[in-house]
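Lettered A, B, C and D in written order, each chain numbered from 1.
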Amino acid sequence: MAEPGTAHVFSLRVYYEDTDAGGIVYYANYLKFAERARTELLRAVGADHAGLMADDGVAFTVKNCTIDFQRPARLDDALEVHTRFLEVGGASMSAEQVVQRGEEELVRMTVRLACVGSSGRPARLPVALRDVLKPLQTSH
Amino acid sequence: MAEPGTAHVFSLRVYYEDTDAGGIVYYANYLKFAERARTELLRAVGADHAGLMADDGVAFTVKNCTIDFQRPARLDDALEVHTRFLEVGGASMSAEQVVQRGEEELVRMTVRLACVGSSGRPARLPVALRDVLKPLQTSH
Amino acid sequence: MAEPGTAHVFSLRVYYEDTDAGGIVYYANYLKFAERARTELLRAVGADHAGLMADDGVAFTVKNCTIDFQRPARLDDALEVHTRFLEVGGASMSAEQVVQRGEEELVRMTVRLACVGSSGRPARLPVALRDVLKPLQTSH
Amino acid sequence: MAEPGTAHVFSLRVYYEDTDAGGIVYYANYLKFAERARTELLRAVGADHAGLMADDGVAFTVKNCTIDFQRPARLDDALEVHTRFLEVGGASMSAEQVVQRGEEELVRMTVRLACVGSSGRPARLPVALRDVLKPLQTSH
């Protein structure tokens, strides 16, 4: 799940709440799927949001993202979000996240996250977290 | 807008985000519409969430609600939420909220709200707010 | 999972998307959790939304619900939705759904669902589905 | 509202539903705000989603977007989405959308939309719509 060079895989189901009157997943909801996947990746390496804030006084905030919507997902679809870290820096990280239905790629996005303190100002990644995430970085 | 015995009316448009693959507004979203309407009613009498918390240390939380879904709303519909206070007590309020499309009633709900302090414990309604809301109470 | 007299249990995690600025799960989102649970219960007995519409020309729509919000859920919480059928009729069903955090009951709701045809008119429950759901009915 | 070279401005309020436990607007929700603004821009030039589908058999789908999150919006904020068309082509359009709080820029995004037929395949923009949108194109 957190092997160097491999992607973290998060599975989800498409429910009515995710779809719109066009019969497909509403475009903003892929950002929800991606955030769930990042949360579970962090949990897999021992970090959850509440703990990061309580112990280290930090949180992650998305600074920018680029999204390509290639094919639509539909009600009842079983999807996977494949997350790879492209870069783990001192105060920020970037990740590539691909939403797939089986082998079929539906949405591809690149996300840059900043580590911020409780005031919202930039902060250093906790060392222990950085040490565990850094090896997951892929040379894409 | 805040006349005794009359309902407060809040207008909104149905966007793609509100609909689902059934081609109609997703059922949970009527609770969003109702909350927007309650927020604007409070604003109309001079109270906003940030001010209530900063000045009085209180917020409102929904304790229970009953919802009848009578007819579906659809994409592009212009809707109105009609809100009437049924009861304004010392630490809670109840309201009836009807979502209409023109004269046609779509959804009717009854909501009971509790006033809570920053700890989440029950708190008294600020007197100034109670004084302005109490006359709006309708004997429905 | 679908034993007579027992509840169907659906597990979920609370993500940022589910919470609001009050630091707790936004009240409308419990209806999303409940709908996910009903969908998975139907899937557990062999029925999915796409199949019901394609094979039988029917869907389920919520006619009314009553919700008691007892305690708030928070970010990162692991929740369960326990679903029990109270009644399975010819063209409608009612269910009780309880959202729990461990043994702690957070939200309790009762939902009445109608079976509708593609036109939105009331329709009979498919016999095969009714036969599998009927024994799950509990005398609450 | 639809003057050549000027931006279309759409106003909105931040409600509880838009925020998350970080106390700010959840990042995916800016895509909802942007979609509302595009819908109202189209309505301002005489085109709504239902009409486009019924009369011309077309809809718009987002192909990709790039988003910069510069500053967070908060509960009760009054926001504006400023939309400018960068390019209006034969079967696609691109727009720049800036979310502002007063003069302060919070989020900036670029969105490319494709015109699709009911099958989801690429389709030509209806001529009447293209004629009214083309002059709004800005050389940014």
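By definition in this document, a contact is a pair of C-beta atoms (placed from the backbone, for glycine too) under 8 Å apart; a residue touches a chain by one contact, two chains touch by 3 or more.
Predicted model, so just to flag it, every value in this text is computed and none were measured.
Seen from the Cα centre of chain B, the chain whose own Cα centre is farthest off is A. Of the two interfaces, B-C and A-B, the higher number of touching C-beta pairs belongs to B-C. Inter-chain centre distance (chain A to chain C, centres taken as mean C-alpha positions): 28 Å. Chain A and chain B have CA centres that are 35 Å apart.
One inter-chain figure worth recording: chain B and chain C are separated by 25 Å, centre to centre, where each centre is the mean of the chain's CA atoms.
Residue positions 16-17, 22, 28, 32, 35, 74-75 of chain B are each in touch with at least two other chains.
Taken as a graph of touching chains, this assembly is complete, with every chain in contact with every other. Of all residues in chain D, only 16-17, 19-24, 26, 28, 74-75 touch chain C in the complex they form.
By the touch criterion given at the top, residues 13, 15-17, 32, 35-36, 39-40, 48-50, 74-76 of chain B touch chain D in their complex. Of all the residues in chain C, the ones that touch chain B in their complex are 22, 27-29, 31-32, 35, 59, 61-69, 72, 120.
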